[in-house]
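Report on the following structure.
When the chains are written out, they are named A, B, C and D in that same order, and each has its own residue count from 1.
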């Protein structure tokens, strides 16, 4: 393999508008060969300013012998067939989360990737956030001792349109899935049981879609530790992303990142900046580090930080959460991989 | 009634060593007439330096015609008979929490107090903490809008001796009960359902005593809001008492109180002071405000902030929590008052 | 000497309303025997609710054989004659700052006190603030290494009435004097040179009174270290009392103390509580510790934390600052003790 | 002019390694045409990975008709001749600070630039720091009212090698110059008088070089406001860059930026991350915004944020500071432009 990783990108939508400029300009060892989208106008709109060749058919990318790795950034329902085809073609694969809403479909990808012996990385970008990565490092270094409680607050600044909600797979597969991954990442343990209280407090349309907009999730890990997550679809003050790991020797906490470090005092009030608005701002650096990490893993033949199996367990937890929520909070065991 | 409230204090143990000096010296409208304890030495040890007359028999206090109000600070199993007797004698009553571990016993006190028409205050001192009181004020002023999620972290710095644990009534009646009261206080709503994951992660002796030392508690309120509490019997860094109320218009948070506001930076590290060690430090002022509030309510004939019914519901929640925990997290409805 | 220190208090004005209740109720080893004020009504207003005997003539206090120590809390111009008389009478002396505006007058007190062999403490209350005391402790333990820069921000929330300003001795003797003491306290070194830029930015009446309302003060210490103070008579957001000590090994900082630890976030803003309003709030505990420290030093025959000489040097620095300010910032050497 | 600005870069040293990758990859409207350095190996080392043509002679850049603007990033002593030549050639100029140590030389550049009618920007990168820019915005919006005191702490994490110090022009021209610019930027006023106490507390070699390593600087502005700066060549805990603007209506503060927002608590200590290490980390974004701002000003024909005159006054203040320091703190008036 050359000193740069030749990359093809599938999809020119919202998340591609995050990854593509990074891969084209800021990931030192990446070389983007081509960008495709069924909607050729979208492909041009994103690729032209970056000087990237575009195409309409993703097969042109998967079967291009000069391409080493593909970024699957298209809609969720296309992930599995593309991943299977890419694995068969011997390409390394970066796939946005979730791989699929159906665990069995993900298991098919696992088989294909293992058989092909290619690298696979799921887009759990938060693992690359430097604040959370520092928490993980503290845990790994033993600073907190035995992990006892993991606490995550994860609230979006505004609810997505209901059209999105209806096909999102529900709050657990769409939103909490990041937190499920984070619980396992930080603890190094597996979630075995989930109990959820859910509610519709923001918009009754969520209930009509069979979904909730607010929930508190309790989890039991196979290490014996407990975890608790609270999610809301709408925190009017901005993206609320805090977590802590509490253990026998101490507690490490990651706070929100504010727009800047200024503060203001006058006769009436004392104000500070609010948290960064949403994931594009909060995880801007994390997306970059995520892409660098994948490219480096491919070129240096090292395991990716979140392999294809890492895409399965959060879905299994989400399934259990969904069942628990619908059953009014009864604890549900997570299915085995 | 005179311009000062004449007070008799029953009990000279740990919690009396907090209240008695405050009542004797720092509550402007209080006048302590007498202090009693079965162990007369203990009564002298506490009362003598404060110039307080002491006695052994609590009946001397309850039936002293010069005494307007009694502070029942003795062990939990004595609360109900003393409260019943004091109510019958027409005394106002301040009673440490919990009134009792048995809801029916508490109901007897409720009847007696209502019949006698005396004031009654339960010792939920945290309501008088100025940080939490400010959170409550923000909620009441509508700053957070509709309450959606209440989140409480409440961890003790060190586990009590197992002898204490065995008669404590369990973590929910002994420790979480403060948090149950706080959820209802902050939200102005009633808890209707509880779901608990518990674990023994600190000391297996808790399990042997039929108790847990770590838990995450999810609650559903009759307003529709959710709440989540995480408790630990041992946070090695000190008393961890943080909470937040999140709602449709914003979020208000109370952080721990540190020993002082200094911080230190050197080539190796950046340090700040740790949280105050335990409840005596953290709630020192709260105990004072609590006593002042009770004395003022009696003298000015206003309702106390936490009446006798306020002592019942947290016990009912604790009962439900206990059942849920033992059933592995199945949600349990809170019994009606 | 008995196990309690018998105290007479001279003055029932503003600062006495701070000390007298503390001495009467909260300093365990203090016993207030009598309170005097030329204005007998004021003495009654303060003393009666505390059950203290009052008198009009301070000589009754100084010559009362049962009194061990006097608190001189009357107006500055009375400090020296009273201190001289009290020293002659063999009484220990607590004297509010400044002892006098005239260095030679203070030197007379020094002689008298040394001759009489009595304890003397000047009312630099800030040394007893737990935040600043912690900074001092860090310096003494060597955490910051060699002290290189001391930085103090000290701003009052509102300017005093001009009637007060006119007899205050000027901003340096009235306000900066606390900071001069603090620089020497924290560094353990002597100020040798002062340079001041002053300005009237708040109220031109200060200029008419020959004073300034805003200043930045640079100081050189005999250890070689530098210090910088900024003062303002009016910080509209409250009492601004921050300081830091920077040295070869690190930096220790004391931040303001806020009313409480809550914070609030909504769609528009993120707010925290403001600093405590003024010295009565900010230094409430410091006054108590100050009084306890004095009483203990007398009873245990240990040196006070700030002896009578400690009242002289800040005045000498203030004199130099005044000259430098009037000379437009030319550095002025501090006169020798 | 085309839709991109064609840029030639002179110098491939330390500061060029900051700007060149930004201009080549991250400033959307910039197109780097060529990079030159007398040391051709250095030019290749920096330019080749970025795909930039390189040359040895800066004249090739200045006289390239395809180049619109030059970045003068070479050593200070080359700034003036190159700027004069570039101005004559009609190129827009970005010049690192300081333009020169000699005010008259800077005046020559001012004339040349005005005559040529080209854009000129001095590299005061801190103005583009988002924290300080927010402070400036607050001041401009009137939030602090009339500015009364500006307070800047600016300390480097480690002293430069003495070889650097000897040709640096001294601490005031090399280091404080950023703070002088910041005082004028934030206040919108001119410094008229400077008073400095300096000391050698870190390394006596500074004294041997006729320099100081620690100083406190007081400044008087033509608006009447005061400012105070404290500088140290060595803060062992990292780059200390804090400032505040205090005025009649309030106070706005910018704190250091920490490596991340995590904090850790255990039985011994409470720690947070330290400040970012040095200017490359702290001002990484500021350099980018600085370059974007210059490129936009050229393309859109708007004034740059810091024109060529903005390079003169800080040098005049530095001259006055140097004189004051050598005279032991006597205030020195700043020469007129």
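Please note the rule applied: contacts are C-beta pairs under 8 Å (C-beta built on N, C-alpha and C of every residue); 3 or more make two chains touch, one makes a residue touch a chain.
Keep in mind it's a predicted model, so treat the numbers as computed, not measured.
Note on connectivity: the fewest steps through touching chains from chain B to chain D is 1.
The fewest steps needed to get from chain A to chain C, moving only between touching chains, is 1. When each chain is reduced to the average of its Cα atoms, D sits farthest from chain B. Rounded to whole angstrom units, the spacing between the C-alpha centres of chain A and chain D is 39.
Residue positions of chain A with contacts to 2 or more other chains are 236-237, 249-251, 263, 265-267, 273. Note for the complex: chain B touches chain D at residues 236-238, 258, 263, 265-267, 269-275. Listed in rising order, the residues of chain D touching chain A in the complex are 25-26, 130-131, 134-135, 138, 143-144, 249-257, 259-267, 273.
Residue ranges of chain B in contact with chain A, taken from their complex: 146, 148-149, 151, 153, 155, 193, 195, 197, 199, 201-202, 214-216, 218-220, 224-228, 230, 232, 234-237, 240, 246, 248-251, 328-331.
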